[in-house]
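Both complexes below contain chain A, partnered by chain B and then by chain C.
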Partner chain A sequence: MSRAATTASWPPAPARGQRLRLTGCLALVALPHLFHLPPWVSAIAATLLVWQAQAAWRSRPLPGRLIRFALAAAALGSVLAGFGRISGQEAGVSLLVMLLALKLCEIRSHRDAMVFLSLTAFLLITQFLFSQSLAMAVYLVIGTWLITAAFIDVSSEIAPTGAFTHSARLLLQALPVAALLFVLFPRVPGPLWGLPSDAGARATTGLSERMSPGSISSLATSDAVALRVRFPDGDMPPAPARYWRGPVFWDFDDGTWRGSPAADALPAADIRPVADAIVRADITLEATRHPWLIALDVPLGTDHRSRMSPGATLHAEDDIDERIRYHARSALAYRLDPQLGSAARERATRLPAGGNPRARATARRWRAQADTPQGIVDRALTHFREHPFHYTLSPARTGRDSSIDDFLFETREGFCEHYAGAFTFLMRAAGVPARVVTGYQGGERALVGDYWVVRNSDAHAWSEVWLDGRGWVRVDPTAAVAPGRIEAGVAGSLSDSQALPYMARADDGAWYRMQMLWDGVNAAWNRWFLAYGPQQQQRLLERIGLGGLRGALVALTFGVAVLLGLLSLWLGWRMRQRRTADPVTRQWQRVCDRLAAMGYPRARHEGPQAYGARVARARPDLADELGAIVAGYIRLCYAANPGSADTQAFVARAAAFDPRRPRKPRD
Partner chain B sequence: MTGVFSRRIEAAITGFIRRRTPIRSTPMTIGRRRLYILPTRSGAIFAVLLVVMLLGATNYSNSLGFALTFWLAAIALVSMHHAHRNLLGLVLTRVSAAPVFAGGHARFTITLDNTARRARRGVRISAPGIEGEDLAAVIAPGGRVDLQLSVPAARRGHLACPRLRVETIVPLGLFRAWSWLAPSAQTLVYPQPVGPRPRPAPADDGDAATPAPARGNDEFLGHRPYIRGDSLREIDWKASARTDGLLVHEHTRRSANTLWLDYAHAGARDPEARLSQLARWVLDAERDGLTYGLRLPGTTLTPDAGRGHREACLRALALL
Partner chain C sequence: MSAQDTAARAARRDDAIADGLQRVREALATRVLGKPRQIDQALACVLAEGHLLIEDVPGVGKTTLAHGLAQALGLSFSRVQFTSDLLPSDILGVSVFDRNAADFRFTPGPIFAQMVLADEINRASPRTQSALLEAMAEGQVTIEGRTRDLGRPFTVIATQNPVDQSGTFNLPDSQLDRFLMRITLGYPPLGEEKRLLAGRTERAEPLAPVIDAAVLAQWQRAVAAVTTRDAVLDYLLRLLRFSRREGVFVQGLSPRAGLALRRAAQAWALLSARDFVLPEDVQAVLPAVVDHRLTATEGGDRTPSAILLEQVDAIAG
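Moving on to the complex of A and B:
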């Protein structure tokens, strides 16, 4: 009487309806992935799902081991072939989607279904690596509801509709606990390991580390929000001062501006702010995959770890791979680098050996005519103002080696990068130290909430020239051509405003207002939910007087986690032991399973003898063999000391038992 | 080393549970003190995935990831509470089983009462070492179910109801709540009715002259008027009410010959084999409509017939 009761048949394996519902659950959870995974992955996954739904509908048996193995290998192979690897976000998620669809083919037991559902929950979380918008929050709720309902469906003896209501109740009851965990569970600053190189691959529009004709005008067509700003002490500075400083370019070659010198090549910028012109801003920056911390020109510092570059740009230690929030201080009036070192001066006047001869000649002429560098600057701005220059998003093409000449003297159409690039070139040719600054210009007040929005369409480029006694001075040649650009945004200065995205147009129709309203909701979502991390947690705990508790919370949480981990390891190890301990029970279970597959499942309360007798009545051809097995099983179960020979004989007999091919009765 | 250690712990746990599962008479209620709960293996796998999700959310500083992870964890915790509540307060009202012959299975009927105002689902009953189980898919509020458990009856005598394991994994299958119940119920196991010897012939001795008093189980023939000396129990009051006089039942007359089934003449040396032989004879004699008596060491059952007598004989054989 010492044999453990067999529990392999309980809880029961998913039935036909449950198999169908599991398939549906996976299909719905995987649905949003279809929008960003390569089409071939979506096609394979959809095919597998339809196949499995059909198999479940027609109650077809699960495919054999060989087919499943081949399909899994094919999935792995296709991901390797398609992505060249199986790690990384896109490849990993593709593999997970396909393997989950394949897992449907081998759900034979309750535990299989449970593992499948746990992995489906994991698939849910991978979606958030691609987007964390409000729509994704809705998806989270629906997905959690579906998965919980599916857990109930396979584990509780309940009708599917009941599973849905029960699941909804469970979700609501869990909500307060979840909220408490979200706020109080000790957060550790990430990342814990490296982010895959394609992390946040969707967020790569924004300022670039080089500037060539077309690079900023391509941004002008994007409505996406670049940053949101709140001014804790006052309001946004007036329009002419709304310059947001980004990367600075020192080197010109092949028609492209690039190269921010490293801190060891040139000293960091020396900024002397005018005392009463300092503005504090609370900035939420979207992911850029670049290290620049955008701030009003000229930035002084942030509460985020950063350093000042020689070009007076704030650099974070790492690339901004996620939306971050920081406080930045800026000086609207300042003196930047009152003394210019010889290395910096050399770099700020360097030009390629050849190319653009007309521009060089013009610059030399201006230099000869003007008495001071300021005079040269004025002369150049006058040139832009007096000649028929057009500010347009779709300028005529220019040659690569003669881009400046073509723009200045032939086409005379361009966007801010053309003007800033050409102006800086002219200054250098005239011997005035100059550099290109990129960033944003402008911003609009949000309809809801006390903050401002700066969009990608506000991206801008301008110049800085170094003047003796004043340091680096901002000169915006675009303003000379299209003054409206600075006062009213891109739409105020373009003749072809239809090419602009809707949000950048000067128009305040109902649609525009709705969009701004929506942006307000999104901003609150970002500010209160998505930005919640270790720092916010610490601040919150301090505010409610539990600042010192965080350390204790962390220690407690990890202590308990380690303890639970050790305990579950031990339990798991013990369960394994028990499972392999009893070949007799396992073989008997196998016999029962095989008979159940033939349509003779054992009733829950049926003992082996009653069961054997019932099957034997229905299938006299099996009677002899089955009778021997049942007798052997009962003898082994209830014998005081079953001999090992008996056990072996039983195991061999039971293992050979195949109800589909009964042995010929011996006569 | 660890083997010894874990075996000791396991023994300690088993002993602990046994001490806390005293044998009690029904009805018994599943209380907090005897209700245990642990994650299932699927629950452990789910927990590991939650940890992975937590690490992932931390690595990517993904707020929605945190939200999902914590929400799922909270749902699992709430489901633990549900599983606990699903068994808490469940009443084991009655356990009974009809007597069986050795070698067969005693079918214990376990009656569960749900006195709560909520339905209970997926309540399973099993017993360690016993193959077979039964499941109550749902017990309505205030409702009752009968579950069956077949317990092998190996030896004659009393068969106690085994220690019962009442368990549930409802609602999510992540946690298993269970309780041990040891109801004092028992049933009788008669000796297995087998034996090589043919039933002895009824002896036509003096005793047989006195006809056996007829009993209710004999075949009913009709009514006849009451005559002095008839047992009061034979009177059919209902039928009598419709006539002037009293009526009594009249039954078939049994065979006048009495069969004595004697332990001393039951063949084999092995007392168990003898009892089996006697049980076989009792069944045969009853089947053949004989009047039979049973002589056992220390007990004698006077000759009689009928179902009640048969049970009395078998009972005597079971408990000898």
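Moving on to the complex of A and C:
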């Protein structure tokens, strides 16, 4: 900065304007946090901020040490009581917000303000722990601008408005460096922002590891994006093939379908794809907190580390706690498990010992009537078609032990999980191996950008039956009841589509278009910025011809970083050096330092004479020596025409001064 | 003449000044009891060729101090009691028709003295006040189109009663800036007041002049010659810059205030028998010089000079 920073600092409470600006800065930076932190934390933080703003507005004096200490202890205690710890994502950020709000009433010096602003900048960065959306990125840029302006504001005499301009100029100048570093700085694999300790704490709606009546219909009320997909070779397959495979459930008990861990004891699925029916897709999956990698039915593999489950679902090694991108291959025509092992057959036909007697009886009757398993399947689908079944989000309740019977013969209202569950039950009761598959069905094309969006409201459940010679075959009983579900999506087939969230409805009004547009922008943001990992970096470097230079680039980046570090060290050293280049000043500083070490620091307002007199009063044994030094210093600094002899005498005397040396007590 | 001779002469002259100042102090101390600091401040103000504002309740010795100063320094003295019906001509003087000379003859007003005591200046109308203040600023008055020089030395000592506020016109801030210093006297200490009551003082007789106007002028030149090195100028600058920081004071110190502070510190150095200024000199005159020029926006009961003193580094480093 061209302007010399003043050595003078602030009055005990910073000037009103400054105080208000610092409070405002923190309030703006903390604002997004207040919406996702627990309400009690937000309430405390908001109260503290309002209190600080009011105190600044009225120019109230800063509270005393005791009050500040009590408040800080209360903040610490409340975080400990609320979270049981003070580290971790939410607890840490909560503590930081509260303590920063309290720090406001402790800012007395320039240094305090610098510490406060540095911590505020850190608080700004923590926003990325909670959201990495484009909107948040824009907010963070504004926050950075504000904080930089505040740094300028507290460090110089530029008017506040000038600080904003100055700050903007600085940020613009930093932009090319930031862009270069973004592209070239070695990317670390794995999520940069994920704090795994808290990952499970935040519930995410999505597919679950069990299915009971109501579990999928509750998903249908969320229009959150589940995944986005691009097809590098062409387009989305036609609607009847848009089945996205998720977890598969083998075990039924108590009205709930589960994919128990025991299912993993079965051999992995044996998939025989038909050669020209393979589709490649680039999928961006939102965090699910589960390990499944969703892909078109039936998945063959991904470039993400994964294994194939017995139910032909791709499992990643860890839960998906962050949005990930992967490349998946799927076969739209296939033979799945042409041979069914005895263990798998046993699992796929097992039913609880009792319950739902009417369904069992019906299944046994169908089995007696039909010649082949295919005949049983057709008979069951006919049953769904011919009886007045309703496809609805809000079916009548069924008993827990008799859920299948109640649904099949009494209420006849249900969402896909009712149909898939009941159908699979019927097949098993008739001796046909069957299992429940959950996932998504459908998808919509984005308005901008060449990609498709699959939402939570597209969640779906269907059945698979194992037929001799054909392997597992997908049967979707919901389609028998509501054929529109497959063609037109959930909105086109529900009798009560008003219960659906806006984005899932069959409507393409202005709001819908705007939302889709925004989704496009976000998707681009995800694709180009958030998903920029080691592989993407390597690919980009190769494309611009620097692929082979990756190692060299890494070395260069670190080299430049080390160089910059050394440069700033050198600059700091030189500034210090320049400040003490004058031997008189240096020696005087030394004398002051030594006296300060003895417990007599010079108060900032003390002139040399007053300081010397004060120390001499406290330490009469030093009086003569110190008196001579002070007189010499005063002569050199303040009197007219000091000679070089004076300088030498002073330097020698000051250099020899050692207040710790024992002296003879004066009489 | 060799350099040594010059130095010796300068030292002798400085000794003479120090001696003279000491005698003036002692003389004044017999009149204004128990107020050595206020005597020094008033002396510094006169030495710095500034005007003095004494703000205090009646009867604490404002007039005594002013009168004593004039007597000890051998200056001509006049006193104007300001009232609401006082006119500018009552201060400056009027031209009267002289029948013998058949011409107008100028009768100089009380302003034509080397030391003018303007008692209760806030009682007069703003018009009269500004006539006085203009004279203070210019060192000359313009009456009926003719400019008349007031001569040197010329010192105005104005008094103000801060308690009695009804029917007064307080000096605006811009006018306060024209007073180099503002001091308060306060009640005398216990022992001194007893002496006063017992009548064991020589207040009745006039003070014998210690010096005359010519010597005072020489002293004033000596003040201007007191060395102010960069270390002190930088300190002054830091004080000025700090006073202009946003939010500390309603309005910062003017460049004129900066010059006043420097000159007052020089005078204080001379009073301390030193031919160079120390930060301590600046601090000694700081309350008298800045407190009437600044209004703190906050800081409770602390005076502006206390805020400045505490917040500004006396030594750069």
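Here, the second predicted complex is superposed on the first by the 510 of 667 C-alpha atoms of A that agree within 3 Å, B and C clash if a C-alpha of one lies under 4 Å from a C-alpha of the other, contacts with A are read in each partner's own complex, and residues count from 1 in each chain.
Definition applied: a residue touches a chain if its C-beta (ideal position, glycine included) is under 8 Å from a C-beta of that chain, and two chains touch if they have at least 3 such contacts.
Predicted, not measured: the structure shown is a model, and the values here were computed from it.
Contacts of A:Ser568 after superposition on the shared chain: chain B is touched, whereas chain C is not. Using the contact criterion defined above for the overlaid structures, shared-chain residue A:Cys637 touches chain B and also reaches chain C.
In the superposed model, more residues of chain A are touched by B than by the other of chain B and chain C. In the superposition on chain A, contact of A:Pro61 is made with chain C only, not with chain B.
Using the contact criterion defined above for the overlaid structures, shared-chain residue A:Arg604 touches chain B and also reaches chain C.
By the document's definition of touching, of the two partners only chain B reaches A:Gln132; chain C does not.
Of the two partner chains, chain B is the only one that A:Phe185 touches; chain C does not reach it.
When both complexes are overlaid on chain A, the residue A:Ser342 reaches neither chain B nor chain C. Legend: residue contacts after superposition of the two complexes on their common chain; A:Phe151 is shown touching chain B, with no touch to chain C.
On chain A, the patch touched by chain B and the patch touched by chain C overlap at residues 6-7, 10-11, 157, 588, 604-610, 634, 637-638. The part of chain A that touches chain B in the complex is made up of residues 1-7, 10-11, 110-111, 114-115, 118-119, 121-122, 124-125, 128-129, 132, 136-137, 140, 144, 148, 151-152, 154-158, 166, 170-171, 173-178, 181-182, 185, 187-193, 195, 199, 322, 529-533, 561, 564, 568, 570-572, 574-575, 588, 604-610, 634, 637-638. By the touch rule above, chain B contacts chain A in their complex via residues 6, 10, 38-42, 44-47, 49, 51-53, 55-75, 77-79, 82, 104-105, 107, 121-122, 124, 126-135, 137-138, 147-150, 152, 154, 165, 169-174. Taken in their complex, chain C has these residues touching chain A: 227, 229, 231-232, 238, 241-242, 245-248, 275-280, 283, 297-300, 307, 309-317. Touching chain C in their complex are the following residues of chain A: 6-18, 59, 61, 157, 159, 579, 585, 588-589, 602, 604-610, 634, 637-640.
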